[in-house]
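Which chain is which? They are A, B, C and D, in the order written, and residues in each are numbered from 1.
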């Protein structure tokens, strides 16, 4: 796939008293990147966005992020298992890698809350190469 | 009424790069105070919490609030109109007044989204003295 | 002045269990609009951003804001007193007015924390017409 | 050690449109648990809180968390390496495990931003048994 990116302008209230962007705001940005990516997959993704449940998230804080210049959050990989989808994301600011994240989503039947096999229409839109989650 | 208070422990991520609690976090705390107050009114209030819509909020930032010691948010008045309820709130930290807020809620029929007269059971639990909203 | 606007894409985590954007998120967006506006005033504004202290904020929630389409936050007026600056802001979504806000900032000497007269260089960039605060 | 716990009352604005607490709020709560734990370690910890930098965080969302009843966040383990500290945390609501998190902090010389050996006074207060990070 061509890599999917979303631009995030840090907001002043997302800083903390240490003078940089707080880690909880970065966890929130990661949600923005994930959901925007899922929505970009078109009907298959958009219609089913609300069927995805976040199972886990892992974030490495590689360098500080600051208020004052844009952050690029790029989905660098997405690999489907049977009912789970692993999404890799990197964030950079001023060309410097600041954050690397991995999230695992599970595709659920919202009525019964049981995992479902991810639809083929969605799988076909994911990158061919598996990320090393 | 005896005044209703809720204690809020500032969280580090609620600070901003100026070293104090950000104004948006204080707006969020005001919601905590309002909702907790409404829930304290018992069945009449609790059962109908979700029927209340926030029409407006006004906040005076009288002194900075800092991380490191508790904030007391006190509902100092609540006055019912026909379908609107004005709630006054003060916050203090270390005995010093830091915030004064006013919120106006409207009681709605959630199906039709039209204002309803506030139930008498709820009015009876409000303070006798009207705040000067 | 030509009106200053900033586009805000609602984030999913800014919704609440009522299905719309929570009021505290809108208070946070208002900060985004204010600060971006101040920074747009150039050196006079940008260099002194951190000298501004928020004295009060007032927000009318005119219609619900939802996840899924952009919000335009427009600074519709800005009037300088001696040391205070009143900023008016309107937000709309899908062409519908959703929020109207007023904020009062005070220009402070950050060392002594005393109000200062707003510099002429900044006044000259404010709109000629006074808002009715 | 006796386990360290902190009680968190979910706030309404921390819910999202799916009706439960949003994952970004849980990441924020994890910071509350970590920082409160570090502060509980006394002078060695409190005085040096600001020297700790978050290197990574991993969160498993085991069950949904809802508005309306308290969450207990318990630090279930803390293991010091040379300059890194791994903190394990579990959250439960109504007796049900909802979240399991792991954070890695690094002890830094704030002037030079280089890792420092964690002081012995702090090590002595950590649990004897190493977590399996």
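Following the convention adopted for this analysis, contacts are C-beta pairs under 8 Å (C-beta built on N, C-alpha and C of every residue); 3 or more make two chains touch, one makes a residue touch a chain.
This is a predicted model, so every value here is computed, not measured.
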Quick check: more C-beta contact pairs at A-B or at A-D? A-D
Relative to subunit C, which chain's C-alpha centre is the most remote? D
Please report how many Å separate the Cα centroid of subunit A from that of subunit C, as a whole number. 30
Using mean C-alpha positions as chain centres, tell me how far subunit A is from subunit B in Å, no decimals. 35
Taking each chain's centre as the mean of its CA atoms, subunit A sits from subunit D at a distance in Å of 23
Using the touch definition from the top, which residues of subunit A touch two or more other chains? 12-13, 22-24, 28, 31
Which part of subunit D faces subunit B closely enough to touch in the complex? 11-13, 28, 31-32, 35
Which residues, counting only subunit D, touch subunit C once they are in their complex? 12-13, 15-17, 19-20, 22-25, 67
Of all residues in subunit C, which touch subunit B in the complex? 18, 22-24, 27-28, 31, 50, 53-61
